[in-house]
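Before anything else, here is the set of structures, which you'll find just below.
One chain, chain A, links the two complexes that follow: it is found with chain B in the first and with chain C in the second.
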Partner chain A sequence: MKKWIKKVLEYNEVKLALIFLAIVVLFSLINPDVFTVANLYALVRASATNAIYALAIMIVMCSGAFDASFAVIGSFGAYVTMYILTQNGLDPHPAIVFLISILICMALEFLNWFMVSILHLQAYIATTGTASLLKGAVLVFVSTSYIYTLPSQIGALGKTYLATAVYGSGIESQLHVSVIFIAVMYLVMHILMTYTNFGRQVYAVGADEEAAERAGINVKRIRLIVFLIAGVICGVAGILRDAVGRFSLPNPAEVVGKENISIAAVILGTGNSSKARGSALGTLLGVLLMSFISNNLILIGIPSFYVELATGVLMYIGLVGQMSNRPRRHSAKEGK
Partner chain B sequence: MSMKKIVNIENMYKSFFGVVALDGMNFSMEEGEIRCLVGENGCGKSTLIKIISGFYPFDEGKLEINEKEYKSINPAESIAEGIQVIYQDFSLFDNMTVAENILMYSTVAGKKMFINNTNIKKKAIDTLKRINVSIDPDAYVSTLSVSQKQLIAICRALAQDCKLLVMDEPTTALTTHEVERLLEIVKELKAQGVAVIFVSHKLEEVLEICDSITIMRSGRNVYDGKTTERILSKEEIIYYMTGKQFSDKVYEFKSEGDIPLLQVKNYTLDGAFEDISFQIEKGEILGITGILGCGRSELAEALFGVVPADSGNVLIDGKDIGIIKNIEQAIEHEIAYVPDDRLTKGLHLEQSIADNAVIRVLGEFASRFGTLDKKALSEQKTKSLSTLSVAGLVPDNPVRSLSGGNQQKICLIKWLSTNPHILILNCPTVGVDVGAKSEIHDIIRNLARENGTAVVVISDDVYEIMQLCNRVLIMKQGRIALEKNIADTTMEYLEAALAEEKTT
Partner chain C sequence: MNKRRLSNSDPDLFRLIVVTILIFVAMTALKPDKFLSKANFSSMCYQIPEIGLYTLAMMLILVTGQTDISSVAIGNLCTITGITIMSQATKNNVTGAAAWLYILGALIVMLLIGVVCGLVNGFTVTYFKVPTMLVTMATSSIFRGIAVVATEGNALTGAPEELTYFGNHGFLGIAYAMWFFLIIFVVVAYLMNRTKFGMELRFIGSNEKASEYAGINVNKTLLKAYVYSGVIAALTGFEIIARTDAAKYDYGGSYVNQALLACVLGATNPDGGYVRMACIALGLASVQFLSSGFNLLRLGGNVKQFAWGALLVFVVCFDVLNRELRRKKAIRDVAKKHNS
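Take a look at the complex of A and B:
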């Protein structure tokens, strides 16, 4: 029995879930409103976009690369899509809207892949370049104005709720349809990374490129697919943000410039135990933890200007909490 | 009956940017054969292996694998032909379990959309059983020891229906016991019909295990033969590898009757060594040997103050300084120590060769304001580097670009530039080929002879001690069991003394 517990505790996801649980309990003791269905719905709404973006950066990081431009790419794809549609007075099926955005984002992630895998540029710098370029390009070449007239069904999507719940105070909170997007995308990613040959190869490339090549893996091809998948995810996330926000704008402030939240979620979810390799479940827990903290600090009476500070402190606690079973490095003597 | 040839290479040429790596190489392997491939660093061994495993295309020549001719071959095709290479770094994936690693190659080659984790685990357990290894298939590779990782790499090759296993320097990171175990496994593989190419620097192992030997020099095979027909002597192998005869002359040392430079009295560190007493004069080269765990490395570290001894005395130039308490104190008394794990800790791999060579003395070239005297420094660089011959040395290239043996030389030079009075070397030539070894030995001997440095060489290689030292101490279970002048003893005697359980 004891051994069983120890083994389960070795999984980073389990530890993260426990930390999450502890924080939920702590917050709920301070303000019972935290532990309500209504608040859960609010959490979903607040974390929807970041949760999906986190998947994009997660798969890229699992492959041992990096993408600093995912949020900019997603926002760019969505804004350009909306711009094209409104300029031409089009109101297509929502699937078409998503598709256009996805294709734009895939093309941009292809550019990232080209720089990282073909030109062998340092991923962080190259994708930061992409981000900077796009941030400016959208303002110079497309438009600077907000687009309030979204395609009708995308607008409708923003107002589609699955359920309603009420806080103790009587304020209503609704469960946004984006929860389905999150659930489906995380499930697909989980299956992809855990049960498919492709997922295994992504982890292999992430662990050691040269070793992966020796194993007969086409590293460039795997990375290409990884970046294209990131493109798909960004394309969806961008449109979803516009739907939830009910307007489209270049470089939305809650996404562009907040990439670190998604990246931190992935790192929290990966942990640094010997089993560290990144997973959809870990990322989800990381996103939930991050969003839960920043969402609820106000509810437990912490002034809003403390939010960033408290988030930082709690992230430290989260990371330290996961360190307990870091692999012991075999010293040179043991190794010999 | 002629056996089926797994690999047959005839008259192969390969060059990189005008540098010839293979120059008319001939090589062949039969089923179930164990063949040792030996040669100095840079002789083309790695190139040959990389051509067989499909990483490099070749320029000219004939390549047949399983009696099928290939104009070019890629890694996937090579794996499909049953060729598996275990590289020195094992190429395992730290973020995966033992089972996932063992079956990784087949998972990739299987090209199935989904993977069956239960099946992977079952097959991994079967493979582990095949070489009688008990390692938890669910353990993550990052938690394993070096020798366990190697076993996993072997299992991974076997899980691939391997017909030819190439092992690149498989024994450098293993203890004597682990090497024995590995050799047993290799013999077991042979019994199962697997052919093995053993690339090794350690000639004892080469002679013990193989059916045949191919010796390479300058990109071609200079010797091919079966050990059943003729066993080469160590000297012959060295001759074929280097094209030079090495003398077996003992390092001669004549005492001038001075006060010993270093005297160690009753040195004791609980649990490591006890009651160690010896002395060493100017210009002496003293060897200390013993099996792993006899306390030899701990003694070396204690003398350099890394892990200070509990009790005893050290006399330097006859002056009692008690115990050497820390590294600063050791350096103050002009003691230098070259550790055994210098490849990981001893060099700044990305920095230039020249910078590495002078890093220990950098402080001497700094002005009061911390700026460096570039001109004097560059003279020192030239001076330091002139003491050794490194093939294709470009001082501004990173150390990483050098072969292992040459890196070792740079590491040694780095310490020598401090002109120590007492130099302690812990396994100075581990993983170095014979040519580089003899050059390193020359450097050490010159240092003792010309500068009067007292050198303590810790080594598990009796041959090296015979070549290099004028006196030897054998340590057993933390104590000195035997002391001999090299001139009065033989290699056989020392080896027998080492092998004995306990000498009283």
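Take a look at the complex of A and C:
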């Protein structure tokens, strides 16, 4: 029995889930309103966008690369899509809206792949360049104005709720339809990363590029697919943010510049680029933990400007925690 | 004749001189009366030190093949602490030598914070073997978070006039801030080119494992580099207090990208191991000429943001292709020699 517990505890996901539970209990003791269905619905709504963006950066980091531009690409794709549609007075089926955004994002991620995998540039530096370029380009070449009237069916999507719950104070909170998007995308990613040959190859490339190449894996092709998948995810996340937020703007402040929340979630879920262990489940727990803390600090009476500090500390703990139980390199000892 | 020799013997420097002159000429042609004016040059003298110091802080880590994005966060944490201490002097109406004691005390505390922040970064990178970019992303969130919590998001002011005088006046027609930067630049150049530390840092950047087998204490050298980087960030904070008499947690967020651009434009190899101080100086000048030129042309922050990104992408792509061509040429030359 004891052995069994020990084995379960070795899984990072289990540890993370326990930490999450502990924090939920702690917060609930301070303010009982935290532990309510209504608050859970609010959490889903607040974390929807970050949860999906985290998947994009997760798969890129699993393949041993990095992308500093994922949030900008998603916002760019969504805003340009909305701009084109509203300027031409089009109101297509939501699937087509998503498709346009996805295609734009895939094209941009292709550019990132080209720089990272073909030119062998430092992933962080190259994608920082892309991010800065796109952030400026959308304002200079497209538009700076907010788009308040979205295509009607996307607008309707933003107002679709699955359920309603009531806080103790009588205020209503609704379960947004984006929870279905999150569930489906995480399920698909989980299956893709865990049960398919492709998923195994992504982990292999991330663990050791050279070894993967010699084992017969086409590293460039795997990375290309990884970046394109990231593009698809960014495209969906961008449109979904607009739907949830009910308006579209060039560089939404809760996404662009807040990339570290998604990255921290991935790191907490052990999607670390130098170790290449990461999972959809771990990332989901990471996102929930990050969103729960930033969403509920105010409910237990801590001012919201502690969020940045909490993000940093959690990210640091995540980094150090998973690196410290890794076997030390021999060469490091010989150096002393 | 002279030019041709330079282009062969030192292609990086030659290329940068050409780029800098081109930008200078282009900006002069677009706004001749304003760009060449004395006011423009003196305002550039006040802007270069900040971005220049952050560039030096970034360069020290970039030469090891890693990217440190926490310098600006360290700098802001230092300005906030520094100004909190210095404003005591203003509050108590202390002037003259006594005010300088406050300033000196603030400077020492700021340098200590720089050292501690550098140690945190360096220790995490060397001991836990985590990629620098991720570490500094986390630590800059922490440093910025501390700054936000300490100030509740407000801007602080109240540095003594003794200090702000130096931030806004010049000596021999050049701003004191510029002299400050030049001194630090020369010290860093000496450190990189003439000391064992600088050589070791380059070796580590080009091949960490080989450096270790060559008997270099890699961890110690890296730790030193992070501490120096933190100290430079703290000195930047000091310069910012002197010039602006203000401290805010999110001051100068765009400096990270500009510093990265100046480093890469200045022929620093992002994969590590190669840095030329003269090229860094020219890279900085190019970035500043562009920035000032954009301001004079009344192109706003959005255009600049776009330009920095586009330039960064262009420069790193160009460098890689250039290096590849050079490598192929070298192989061809060797083959030719071998055959003849």
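Everything below uses one rule, namely that the second predicted complex is superposed on the first by the 300 of 336 C-alpha atoms of A that agree within 3 Å, B and C clash if a C-alpha of one lies under 4 Å from a C-alpha of the other, contacts with A are read in each partner's own complex, and residues count from 1 in each chain.
Assume contacts are C-beta pairs under 8 Å (C-beta built on N, C-alpha and C of every residue); 3 or more make two chains touch, one makes a residue touch a chain.
Because the structure is predicted, anything quoted here is derived from the model rather than measured.
**Student:** Would you sort A:L119 into first (chain B), second (chain C), both or neither based on which partner it touches?
**Tutor:** Only chain C; A:L119 stays clear of chain B.
**Student:** When the two structures are overlaid on chain A, which partner does A:N197 contact: first (chain B), second (chain C), both, or neither?
**Tutor:** Touch partner of A:N197: chain B, not chain C.
**Student:** Return first, second, both or neither, reflecting whether A:Y306 touches chain B, chain C, both chains, or no partner chain.
**Tutor:** second
**Student:** May I ask you to decide whether A:G216 touches chain B, chain C, both, or neither, giving the answer as first, second, both or neither?
**Tutor:** Only chain B is touched by A:G216; chain C is not.
**Student:** For the three-chain arrangement built by superposition, which of chain B and chain C touches the greater number of chain A residues?
**Tutor:** Answer, by number of touched residues of chain A: C.
**Student:** After lining up the shared chain so the two structures overlap, which partner does A:K3 touch, if you call chain B first and chain C second: first, second, both or neither?
**Tutor:** In the superposition, A:K3 touches no partner, neither chain B nor chain C.
**Student:** Is A:T128 touching the first partner chain B, the second partner chain C, both, or neither of them?
**Tutor:** Second partner only, chain C.
**Student:** Using the superposition on chain A as set up above, list the residues of chain A that contact both chain B and chain C.
**Tutor:** Residues common to the chain A contacts of chain C and of chain B are 274, 332, 334-336, listed in rising order.
**Student:** Show which residues of chain A lie in contact with chain B when the two form their complex.
**Tutor:** 195-198, 200-201, 203-204, 206-208, 210-217, 274-277, 327-328, 330, 332-336
**Student:** Please output the residues of chain B touching chain A within their complex, sorted ascending.
**Tutor:** 53, 75-76, 79, 85, 87, 89, 91-96, 100, 104-105, 107-115, 117, 140, 142-143, 145-146, 173-175, 292, 297, 340-341, 344-345
**Student:** Could you pull out which chain A residues touch chain C in their complex?
**Tutor:** 66, 115, 119-122, 124-126, 128-137, 139-140, 144, 260, 263-264, 267, 272-274, 303, 305-313, 315-316, 319-320, 323-324, 326, 329, 331-332, 334-336
**Student:** In their shared complex, at which residues does chain C touch chain A?
**Tutor:** Touch list, chain C to chain A: 67, 124, 128-131, 133-135, 137-146, 148-149, 152-153, 209, 212, 217-219, 257, 260, 264, 270-271, 302-313, 316-317, 320-321.
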